[in-house]
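Each of the two complexes below includes chain A, the first together with chain B, the second together with chain C.
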Partner chain A sequence: MKQFLLFVRKEFYHVFRDRKTLLLLFGMPIAQILLFGFALTNEIKNSKVVISDQARDEASQQIIGRIEASRSFDIERVAMNQAAVESAFKSGKIKLAIIFPANFNEDLMHHHNAKIQIIADASDPNTASTLTSYASAIIMDYQKDLLKTYSLAMNIHTDVRMIYNPELKGTTNFVPGVMALVLLLVCVLMTSVSIVREKETGTMEILLVSPFNPVLVVVAKAVPYFFLSLINLTVIIILSVTIMEMPLNGSVVLLYFESSLLILTALSLGLLISNNTDSQQTAMLISLMAMLLPTMIFTGFMFPVENMPKPLQIISNVVPSKWYYIIVKSIMIKGLGLRAIWKETVILGGMALVLLLISFKTFKTRLQ
Partner chain B sequence: MRILKHLLRKEFRQIFRNKAILRVIIMLPMVQLLIIPLAADYEIKKINISIVDHDHSPYSQKLAAKIIASGYFRMNDFSPGFASSFQEFQKDHSDIILEIPRDFEKSLVRENHGGLFIAVNAINGVKASVGSVYLARIISGFNTEIRMDWLPEQRVNDFPSVGIETLNWFNPHLKYPFFMVPGILVVLVTMVGAYLCALNIVKEKEVGTIEQINVTPIKKYQFILGKLIPFWVIGIFVFSLGFFAVAMGVYRIVPQGSLLLLYGFLAVYLVALLGLGLLISTYSGTQQQAMSLAFFCMMIFLLMSGLFTPVDSMPLWAKWIARFNPVTYFIEVMRMVVLKGSGFKDIKNHFLAMTGFALVFNVWAILNYRKTS
Partner chain C sequence: MSDEVVIKTEKLTKKFGDFVAANELTFEVHRGEIFGFLGANGAGKTTAMRMLCGLSIPSSGSAKIAGFDVYKQRDQIKKNIGYMSQKFSLYEDLTVLENISFFGGIYGLPDKRVREQARTLINELGLGKEADKLVGSLPLGWKQKLAFSVAIFHGPKIVFLDEPTGGVDPVTRRQFWDMIYDAASTGITVFVTTHYMDEAEYCNRISMMVDGVMKALDTPANLKKQYKAQSMDEVFFELARGAKRKAD
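For the complex of A and B:
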């Protein structure tokens, strides 16, 4: 035990004496949570929209007034034909064009049938469909108000309540996701690299011929990163509650417990990677190239998992951050207790255990 | 020139001898390019709904049937009480609860109005608003239907109606892979290029072989060119493989614009990117440092590039970061040229900005590279 503590101390020295890495270790998560918490949103705002009003009459002006009042658009009024719209799309200047034909008011009031053309740059399908549906909603609203003057019977009114996030803020969804992403990746990267470095510089050989149990050498390596990650977690939680205005409705103790599970999983994964590689370059390639994008995608905070094709939904189950993301949402936003998330907890714990076992099993005490 | 040739030979040999890394840098991007676009789909298709029916009337059942028939919703549970549905809601099994009150039908027929209660899980704000709009549209359709049943004399075209004609240009079927594949390819090429370049030099530092090069008459620019050119070639290769084999072969994306223009931009982009890799490596002493730094840059580049979330929606300061992010420019150019067929005129500014990046990164890296430690 005393030996083990000595080794842990050695590892702490390793970490603390490398100032640049230490700075990154703490700076990175903070910068990322701030940056992404504020900047990432899947809402569509401030998109450039051109309105070409060939009618210039009462009805078209009224609708345009309503569209201008919406904050989703950044509107410019220019007369444009379809060819002009196409070249504006090509240069990327605008995302949507709304065209009112001549005699709009007359068509509407006398023939009871008027047409508005909405042309979207669908090379970005999400922006295109969102903007189109925003614009259509505004036009339908106008239509509804127009009909109010004609009395209608049997009205159904709906009372809609947005639960957990009444202001529909993007951060509520993204912050737990970024937390999962940052904790997982930083841990995996740091552990795998620090072990492989000893292999590469040759000091691993010295450790392996010492009377000390080789498995404990590796475990000692993971300890500092475990504590550093807990500190990181604390900073992240404080930032997201104070600056990002995330709610923290559930138990903090539970949140720490679940986070420890994720960190453990990440550390074991790092261990496993380092067992199977012998250069830092390969270790880094695997822990980043192979993990960055898939983790980002399969955690589910960017793209809803239930939208994915079935095989990918199954794959997403092996991504630890997905479970952690569900857990963080349940604890922080919904304020639920362990009873509601025991399944996710068991899965995460199981992952940590299995990975740990495999990495101990594959740990080689001999160098080639 | 001869010195450069020898340096190049050394670098290529170094790269080709490490088969493990070579496999990783070619296989990984291709596999990811194949899989990720399938997952990166914002379209909200199946919303899970819980319907709490206190009314049990023909109308409430008709409404429920209409909601399911719309195809947007999947019935999670149809329960008599709110409490049990709310449990499903807490577990994320259902996204929306529709509560139909007792005497919904009666009050609609007798008093001419009826109310419904809708609770939406708004943690994902976009999904929540889209879901509630779908539901509102179905309810209003239902409303029109029952109105017609009761009051057949009210005909639709007695009211002024605005028709909306929607046109989706460049991608009429709103296919997500068309949008995602070019962007993801850029990110993968970026990762391969920046990592390899940054790591390669730092490795020489860490192992000590850089000392041997520093004591030779090799000039700084020769050394740096010797490092840049091999990775530039690899970058072009990975891009072409991804573009022709995966984007065109598998996803059937037909580039609308000129390939020459695309490759011209790629050439400049890779110079800028590799310059950044060099810069990172001049600032770090160990591979771990280089890697964390490259990782940090990569995450920011990736998430602030408009690949997944639109740059337009970011706050102003974040837009500035996006403007100083080379990846943003290349993703925009890829999407413009490949999907919309934009010409040189349209991406002139992108070219200028990228040339600027290339100059700044490389000059900075050369100035910062010291032959003495």
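For the complex of A and C:
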């Protein structure tokens, strides 16, 4: 045990003395979160909008006037009927449609209750939700002004419809995705490189000749990266909750537990890669290729897996980050507990276990 | 040097598929002896050495290292040997002192002994000022000396040196050999592979590997007499001439 701790301390020396790697280690998640966050939540200007004013009365014209005045919207045209709106969406030219039913003014004045329908193209979910909330805000403003003039509550009910992607996946999608990506990258890359480095410099031979248990060499190497990843995870969570306004509805303990499973999977993968490579460059390349692409493509935070052809959907099942992604979304956004995600947890845990076993089996305690 | 046998092999063989890297090696090495292991590249030196260190399992034959069997008692062997490879093998991003403590520690030496011995060692090597500097910043010669000291830090019975003086200037090499003599005089057996024929002269006995076979085994003086040679260089050429394997 004492030897083990000695080894772990040595690993920490390696990590902390390698400034560049350390910077990469902690800089990457922050940069990614901010990059993804701000790239996706930028203010939207001049989005093409179609307005279908079937009422053509005073109230509808007033609201249209306000929408026109907003810099967020660029009114493409005022269409008359539903079919025109639909064809505009299909052509992909417009992001939003606002539809005033006939008798809008009358409903508002006499029944104190009128409806406006807002339809958004949610295939770009962030834009869609931002645009609908802008439009709703303008309408609410108008409603408030009406209240001042008439001192009577007049409700304008906005009926928001998201088409193409009704669940609005994507708004909070990227945070769990980035979490998976960063944890995988850091752990796989760092462990594989640090083990291969010992092979390259020849210190691995010295270690294997020593009475120190070779399996503990590997375990000791994983320890610092495990802790660093937990720190990384904490930074990502804090950033995404404070700056990105990502919800954190579920149990934090559960989130860390599930993340530990992913980290374990990643460490095993890193070990597996290092068992089969002899140079740091190769290890780095394989780690990047094996991690970055499948994680980006199959996790589901960039491209929805449901929309992929069947064979790709099947392949996506072997990507650990896919399951982790589902788990994190369930915990953070939906606030679900272990009971709801036990299946994904078992799959992820199983992956970790299998990879760990294979990597220990292939770890060569003797050199050729 | 004493009569006590610390390495004893009997027809020790290592095959990789059809390729016989080391063929029926039979020899003995005594306590405190400096045993030179010579041969061209690819002659099978490193393979033989790795079998003796427990890094590679022999295909057949037997070997006892410090009285322990290479098949069954690897853990015991590991505790009783030191090893220094041809690559410089300390951690460059650790300080001199950290390297010593780390390697002392993984051999299970008590902290107190590590501390005291480290202090003595650093003084002996004249590294007093460099103790807290990163090993990477030291000149190569010093690194090699330090690596050797670390290899015998835990007081092994045998130390295996795999081309320890590669890339080192002649003065440092000479100093390095002084350290080897010092170690041998304390009873440590030194098993060393080398390319340098002048170094071969420093050894008590020399074995010469050609194509995986041990072609000669004697003192440098006897070998020169036997092959009517002026220097070890000539002996080496005489023996290696028949080699069929190309150097890798």
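By our rule, the second predicted complex is superposed on the first by the 235 of 368 C-alpha atoms of A that agree within 3 Å, B and C clash if a C-alpha of one lies under 4 Å from a C-alpha of the other, contacts with A are read in each partner's own complex, and residues count from 1 in each chain.
Methods note: contacts are C-beta pairs under 8 Å (C-beta built on N, C-alpha and C of every residue); 3 or more make two chains touch, one makes a residue touch a chain.
This one's a predicted model, so the numbers in the text were calculated from it and none came from an experiment.
Chemist: Per the contact definition in the header, classify A:L207: touching chain B only (first), chain C only (second), both, or neither.
Modeler: second
Chemist: Mind working out whether A:I231 is in touch with chain B, chain C, both or neither, as first, second, both or neither?
Modeler: In the superposition, A:I231 contacts neither chain B nor chain C.
Chemist: Chain A residues in contact: does chain B have more, or chain C?
Modeler: Greater contact footprint in residues on chain A: B.
Chemist: A:I314 contacts which: chain B (first), chain C (second), both, neither?
Modeler: It touches nothing on chain B or chain C.
Chemist: Examine A:I333 and indicate which partner it touches, taking first as chain B and second as chain C; both and neither are also allowed.
Modeler: first
Chemist: Thinking of the overlay built on chain A, is A:V346 touched by chain B (first), by chain C (second), by both, or by neither?
Modeler: Neither partner.
Chemist: Using the touch definition from the top, say if A:L108 reaches chain B (first), chain C (second), both or neither.
Modeler: first
Chemist: Is A:V252 contacted by the first partner chain B, the second partner chain C, both or neither?
Modeler: In the superposition, A:V252 contacts neither chain B nor chain C.
Chemist: Figure out whether A:S194 sits in contact with chain B (first) or chain C (second), or with both, or with neither.
Modeler: First partner only.
Chemist: Looking at A:F36, would you say it contacts chain B, chain C, both, or neither? Reply first, second, both or neither.
Modeler: Only chain B is touched by A:F36; chain C is not.
Chemist: Which chain A residues contact chain B in one complex and chain C in the other?
Modeler: Residues common to the chain A contacts of chain C and of chain B are 18, 201, listed in rising order.
Chemist: Across the complex, what residues on chain C touch chain A?
Modeler: Listed in rising order, the residues are 16, 50, 53-57, 75, 78-79, 81, 83-94, 98, 101-103, 105-108, 134, 151, 160.
Chemist: Using the touch definition up top, name the residues of chain B that touch chain A in the complex.
Modeler: 18, 20-21, 24-25, 28-29, 32, 35-36, 38-46, 48, 89-92, 108-109, 112-130, 132-133, 136, 139-140, 142-143, 146-147, 150-151, 157-172, 174-176, 178-179, 184, 187-188, 191-192, 195, 199, 203, 206, 284-289, 291-293, 295-296, 298-300, 302-304, 308-310, 312-315, 318, 321, 332, 335-336, 339-343, 345-346
Chemist: Contact residues on chain A for chain C in the complex?
Modeler: Interface residues on the chain A side: 2-3, 6-7, 10, 13-14, 17-18, 201-203, 205-212, 366-368.
Chemist: Using the touch definition from the top, list the residues of chain A that touch chain B in their complex.
Modeler: 18, 20-21, 24-25, 27-28, 31-32, 35-36, 38-48, 63, 86, 89-92, 95, 108-109, 112-130, 132-133, 136-137, 139-140, 142-143, 146-147, 150, 152-166, 168-170, 172-173, 185, 189-190, 193-194, 197, 200-201, 279-282, 284-286, 288-290, 292-294, 296-298, 302-304, 306-309, 312, 316, 326, 329-330, 333-334, 336, 340
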